[in-house]
Amino acid sequence: MSVNNLLENWAQFRHFHPVDDKPHDPYKWAMSIDLDACTGCNACSVACYAENNLPVVGKEKYQHGHVMHWIRIERYWDESLGVAGGGDFPEQGAQFLPMMCQQCEAAPCETVCPAAATNHTADGLNSQIYNRCVGSRYCSANCPFKVRYFNWYDYPTTDNVWPAEMNQQLNPDVTVRSKGVMEKCTFCVQRLHAAKGTAKNEGRLVHDGDVQTACQQACPTSAITFGNLVDPESKVHKQWQSQQVELDKDAQVKDQKEGGSGLRGYRIFEELRPYPSVMYLERVRESAV
Amino acid sequence: MSQRHLLALFNNFEDAEAAIYELRAADIKGFNFDDLTLKSPIEHHEVESVLGQRSANVQWFSLGGSLLGGLLGFFLISGSQANFYAQMKGGKPIVPFPPNFVLTFEMCVLGGVFITILGFLICAGLPAKRSPLYNAKVSEDQIGVLVKADESAMAKIKGVFLNHQALEIQEEVSK
Amino acid sequence: MKDIREDIAWAQINQDVLKSMESPRKLYWVILFFAFAAFCVGVGCEVYQYQTGMGVANKNNPHAWGLYISTFIFWIGMSHSGTLLSAILHLMHADWRKPIFRFAEALTTFSLMTAGLFVMVHLGRLWQFYYSVPYPDERGLWPNFQSPLLWDAMAIFTYLSSSILFLYIGMIPDLAICRDHLHEGWRKKLYTLLSLGWEGTDRQWRNFRVTYLTIACFLIPLAVSVHSIVAADFAMSQQPGWHVTSFPAYFVAGALYSGCSAIITLFIILRYVFKFEEYMTLPILKKTVRLTFAIAMIWTYLNAVEFASVWYSHDQASKDVLIQKVVGPFAPFWWGMIFCGSVVPLMLAFKRFQTNVPVLFVVSLLLNLGMWLERWMIVAPTFSHGYYPWTWDHDQWPGFVQWGMVFASFGWFTMLFMGFCKVFPSVSMYEVKEMVYHRKLHLKNSETAEQGAH
Amino acid sequence: MRCLLSLFVLLMGLFATVNSYAADAPQPALTTEDSSGPQVVQPIEFPHDRHAGLRNPSDPTNSDPLKGGMEIDCMYCHTYARRSAVAGIPTLQKCIGCHQSIESVRNKPRIQELFKYWDAKKPVPWKKVHDMPDFVRFNHERHIKRFVEQQNRPTQEACGYCHGDVKQMTVARRSKGLTMGWCANCHQKDHPVTAAGGTPVGNQAYWYSFQKPVAGTAGGEVKAQDTNNIKAQGPNDCWQCHK
Amino acid sequence: MIDSGLDRRDFLKVLGWGGAAAALSGCGNTSIEDGKETVVSYVEAADYAIPGIGVYYNSTCAQCDAGCSINGRVREGRVLKLEGNPASAINRGKTCGLGQAGVQHHYNPDRVREPMLRKGDKFETITWDKAYALIAEKLNGAKGEEVAFLSGGVSGHLKVLLGNYLASIGCKNHYVYEALAPAVARAANKKAYGIEMPRFNINKAKVVLSFGADFLGSWVSPVHFSQQYAQFRKGVDGQRGVLIQVESKMTLTGANADRWVPVRPGTEGILALGIINELGMASGDIAAAVKGYDRIRVSKETGVPPGQIDKIAALLKLRSPSLVLAGSAAEGYAHGSQNAAAINLLNHVLGNVGKTIEASSSVTFTQMAPAKGNTAALKSLNDGLAAGKYKVLFSYAANPVFTAPGALKFKDNLAKADFKVSFAHYLDETALQADLVLPLDSALEDWNTQVPEYMAEGAQINIQQPLMEKLHANTRGMGDILLALVKQRRAEEYKSFDDYYAYLRAAMLQNKGALGGGGADDDTFWNDTLTKGIVKLAGSSGALSGKASVVGLTLPAPSAADAQYPLHLIPGVTASLRDGRHANQPWLQESPDPLTTIVWDSWVEIHPKKAAELGIKEGDILEVTSRSGSIKAQAYLFPGIHPDAISVPLGRGHDALGRYAKGYGANPFQILDAVFDQETGELAMHETRVKVSKTGQCVIVVKDEGSAGGKQMGRKIAVSMSTDEVDLSKEV
């Protein structure tokens, strides 16, 4: 009886994640992206198209903002560029930032979906279940990063998206989304599940390096690191630790240090308290020139 | 002795009221005062002082309904949250209070309204069969007094009505 | 001036009101046809959108929501008028509401029905909408009860069903009148069925009164909750410009505001069309107008509160959205909203306009336009100018499908309302009788008192 | 007053039933549990009973096809099931491998049909029987590993959980619901979840594996006694089957 | 991952082809494979071919000439995705976007499927036999010198076979044409270092001063350099590398530089000499030669502030070793070779030669070494065509009708050849002019070997092998075609080879010992080679021999302003579209240009100041007119360009090449003037002068960048810190 269940396990049901939680076990997938290494070459984005069956929407629809890139490369200029008192030329180059779903631990999108099509998984991902989605787009409205992409058209049946032969390239491990469905970066969940399955068959946990996301694998400068945050052996764990970035904080202790901590790790919109799972490492600018 | 219905129509409420007073005072044999029904185009509160306090129980239905709705709301929602094995939201507990209270409130109102309506139908005896004597004037501008009484009391009652300027008196055809 | 003449014969009331339900004139059919045509435009748009995808509405990634949601709020807001007149004023014993509350309630019901359509139209996968309905299913899945959208759905369902019941219950005595005074035909059968055998007995009246009062009590907090929940759709989210504490109050005020102005519009139309000058008198209109003015000022105040709190906050993103509204591409609409919502109602403060029907008609339409703009200004600008500058998009405007659907909603509403007016009495006969009766009693009592004083 | 009372009893009853039914993981009786899916017409009417059916005990050599099957293991032909998410259809080569040396049935029409395909080097266009929607991902490998390899259940039993009693069928036919609730039903039974205190947490929340870490797995390596635990973790989010 | 050791050829043979692709997935009520009734099944299958499990095969990326090794994931007989092969020294398991899109080259719906012969304005389908017979017939009617073969860069056994074929028909006119090859650099490097393409060790340098070398985007071997760049940023001895980019139009590399130095177009050499002068490290005749280039004069001529020159010189002096690169932007002038020589001189002066510039290895089989494409070849071909010298013209892997400068009028000259054979994947502009079009296998269906021009570590031969069965029954591999053609002349010599595969296998086995397979039996060696996808060789290492010399180094003064055509046109080379042969790969069309984020269209980059001067705003359609023609494209206000220059990206503006390329954008090749480098005869791509005018039309620029235009509006999104604030030592 459910009332019994409610009463007996009340404490379990009133448990706040991730604040009340012990560390994730045994997996918490996380990423770190070194902006000093990222050159903005777009290889990650194209690799994502290849891996995750992203439709190419074409010029017309791109113009209307219907593009479906799960990972986009943003190019920023210095704030002082072109304004009074600033320079006319971007003499320090541009800033590139790969932006994809941040797999927030307290994701703003999850709570608002009326159909419960986006939920939190045990390994710390923000799942998007296409077949459950009704297309209210509330998640997208509530996402501060605006990294959720809606299928404004039925791309599988749209001309020249996947014409004959081109459709043979589609990855059978990833569902092709039809119209009216929200989608976003999944951290290549199909690869994660394959790796976990293999590990389970062998009675072990997934080791660091067993699984790579498509963007990570392609990245020519290896700017993207991906792995299990709770595995002390993993590179991503070591990076988060050395950068003193903690998952369930909305402000990092190191940032309160006077004179700066000399560390590069930060998360975007940390102060909004979504606890993103992607840590960026600040770009470094040479002071000598 | 068989009972029959009698309907008297009055032009205004004062006449009807006076007639009822008289009937009540007359204590006619074969006529129980509780068998008197007043039919009017609008509601007359004053009638209660004449007919005596006849109770209305709808509000109890409202109370029960809203309690039921609220309980159902809270437990249905919390219970399903506790059982839906994949509905975990980062940063929120599995059974969160604020949203559940909102929905509990809505269910409370929903239950209240529905059961109140049900209560109204039950208490007012609706939907009802039409009574044997009815005149459309009652829904226009005249007051009707419907009595059920023994055959023997009919004449007396009729007399009372006529005393008070009853416009029309309809009698059930004897069986 | 009196709200209503005390000496109207009751039979006259019946006759006047029932006359409005007689076979319609030719013009009625013409208007109905145009309303239907407008509705068909929407159906066409929806069919197109359903088959092609939401993209045809010209929404995009930052602009996830558009006119559908803003028009949805507009209609939801309008629905609050009925509750205001029938429930709140009922509890406050303001009996001048009696001749006009029936159509206001109909307005509530039909605008809710219109609003409900927009929820459906808005969904990307309309054919799967049942995923967001709580019912025990084979999959063992439930919708997400934490989502404000679900609260919304629940609140609207509750509100709509309660409003329909309230409207219906309040109409039973009138249905009985219709049953008694109309000729044989399908209508008579309908009224016989719907009036549930109402005869106006003391027992029926007694329970009727309690029921009506109780439901009115339920409806008031319900109506407030409905629009605060609609506000919660926004206030609970993180979008800059939405995450505002005063939103619920602001929304409720806005709702009452747009409801009142819609009542003025319909008041004037019905009064003219059905020649209800005896019942929908100018003094009643004046009271309604004064009420509207008061609410307009409350709304203006809450608007100012919102701007002020954003302005003095340290939330740069919200501030940017506000600035964007004032000077950005949305500026004409935003200033339009300020003009229609806060400046135009100032006319209502003048006595000479309070009973000037043509002026009031225009003003009420402007107020409605202002309120529609308000909703749009709440929903759209923050999408074009949200937290993430990279996704700012000032070039995307609603496509013809969205406009078509908005246009059609007015046709749909008109259709429903016109149908209602011809099938059901749009003035409550028994309540007008009560009003006349009480006024007469009152007059008599005061005359007696006067005589006694002599 | 009595009518009020009885009404309340009625309402409370309604409340209790609706609430417990609705909240207590609804698993309505499956209409398809025992009924069969559509009869699929295959290009060759493959007799599963003949291949996988039980031997005729009275005649172990079983020369008469009408008197029983050959008890061939499911995975002898559906060999991919233990290695891949997809069970797959055996290659034509596999059929021919045996049948080219079985002279007794060589002239049967079905076998001749088979050889026609072989000679043309064309695969047999087998029709789908257990066809799931595209967004559902079932992993055969994990189920075989768990039931057959770890728990030593007979293959036919393990496969039969979802595929029904294939050894009785000629052409395979869907005989289980294969709906989501049907899948979840089994998982809830087989992966009972207990709260920290040990009380079973209803029939929900695989998610709780999240909070109850397998002892000592925080590191990369796992102690021997925990390996079974890792192997046994069932699905705990929607993404396990829908991605 | 399963790396198969089995014979790939057998694998392909035994795969029965069900025709139906494996269950593609869909969601809801629409699905590509919705309604498919049949299950995929095989006739025969190797043990490792398991439905539902990807098999990985190594091959070589053919999207550009860098020679990255790829690792293709194949499921149910379909290649799904290409990853990098970690064993390759060139790309070490990484790929660029261009490489990822290789599958779209293969699955492209606009591939040519049948041999086609021109009939009037149209093509009609013919058989291969007929096509071969026709070629034989035409060749019989032409003398050897009347035949020309135009190709892109070729290497490996294909080059050998091609050479043999050309010899068999007596043709000596093999034109190797690559529109964007670093040909000037080769010559300059040869002169300065004695090697055309030495190894540049970006990762060992502490400062990289690059004059327009877009090594992160499109220059020589971008994936390799990107990896080196990542190491360079991590730092040598804990010192993070500093990148200074000197160019007139910001490239991807420029965008990543610590200091981007906008220089007046064409004055790169002057700046290099100015830096040498400022360094004061040179002596002798070098010092004498640069003496005149004092900072004031250099600053005046290049537009670079004197303080900037000081800082660069100081940094170069302080941090050693450094590396100075001369890229295509500095070389695209009539004095391009001089520019490059001046820049290379800087390396000598700084003592980088031998440290960050090292001798590269090359494969010992010189006949397999790549035939290096250049643009001088195009000019001679064009001259020959114009003179009506050629009766038969073959073209392969080059699209000169699209990429030749408009001033050459190549298309008109091409018509003068009687019979033009095009070996083509798609009907591109050149194939459309051909009389006979022969459909080629895609790079993922074909056999080949490839020798990269730029060798990373040691030397390697890359194996290109089919990842799946042919998509279209009637396409053929280039090797197979050449073999068939060569058999027309030398049937005896080649009769033992049934097909190119047999030829390739035999050729490889013949040199088993030299290829590192000594001792292994043939099959083992062959299978091992195919499994690895790479043959690593010791290679012969040339020695750096060049000396610092200023002999013949004369830099012209910056050209005077041209009143009629006031602006320099800089043809932009983007990382994904390059010379336009990939424009039909939709992923690349939709992948935003990193700097402008524009997709699906061409644009004119113009500096905001210049734009304000001319009254141009974003989205205005501009007409760009040179002496050779004019094109129209939308304006994009781009701060990373010299105000005296505009830039239009190359690669778009096709009027053929299929649905994804045709009609998108404008082709700046069309308006290039025919100016050539004085020393090498290479096309001087940056010498075209243009004027812009508004057409009055205006469009919304289709780009990924939002209305905020690349500003963060004070939100902490992409954050940076300076080197004196950061402590890199603690990083993992």
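Labels for the chains are A, B, C, D and E, by order of writing; each one numbers its residues from 1.
Following the convention adopted for this analysis, a residue touches a chain if its C-beta (ideal position, glycine included) is under 8 Å from a C-beta of that chain, and two chains touch if they have at least 3 such contacts.
Predicted model only: the values in this text are computed from it and were never measured.
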Key: Chain hops separating chain E from chain B, counting only touching neighbours   = 2
Ask   = Can you name the chains that touch chain A as well as chain C?
value = B, D, E
Ask   = In terms of CA centres, which chain lies closest to the overall middle?
value = A
Note = Of all chain pairs, the one with the highest number of C-beta contacts is A-E
Ask   = Taking each chain's centre as the mean of its CA atoms, which one is farthest from the centre of chain D?
value = B
Remark   = Max Cα-centre separation from chain A goes to chain B
Query = Just curious, how far off is chain D from chain C if you go by their C-alpha centres, in Å?
reply = 55
Request  = Could you please state the distance in Å, as a whole number, between where the Cα atoms of chain A are centred and where those of chain D are centred?
outcome  = 34
Ask   = Hey, how far is the Cα centre of chain D from the one of chain E, in Å?
value = 52
Query = When the centre of a chain is set as the mean of its C-alpha atoms, what distance in Å lies between chain C and chain E?
reply = 65
Inquiry  = Can you pull out the residues of chain D that are in contact with at least two other chains?
reply    = 19, 22-25, 85, 134-135, 184, 201-202, 204-207, 210, 236-238
Remark   = Among chain C residues, those touching two or more other chains are 62, 125, 128, 140-142, 144, 146-148, 150, 387-388, 390-391, 393
Chain E residues counted as touching two or more neighbouring chains = 23-29, 31, 52, 700, 705, 711-712, 714-715, 717
Key: Contact set on chain B toward chain A in their complex   = 75, 78-84, 86-95
Task = Would you pull the chain D residues touching chain E in the complex into a rising list?
result = 80, 83-86, 88-93, 117-118, 121-128, 134-135
In the complex, chain A residues that touch chain D = 1-3, 5, 8-9, 11-12, 15, 17, 21-26, 119-122, 125, 127, 129-132, 173-176, 186, 189-190, 193, 197, 199-201, 203-205, 207-208, 230-234
Key: Touching residues (chain side chain C, partner chain E) in the complex   = 62, 125, 127-128, 316-317, 320, 384-385, 387-395
Note = As the complex stands, chain A meets chain E at residues 35-37, 39-43, 45-47, 49-51, 56-59, 62-63, 67, 69, 72-77, 79, 81-82, 88-97, 130-131, 154, 156-157, 160, 162-172, 174-181, 214, 217-223, 235, 238-239, 242-243, 260, 262-264, 266, 268-269, 280-289
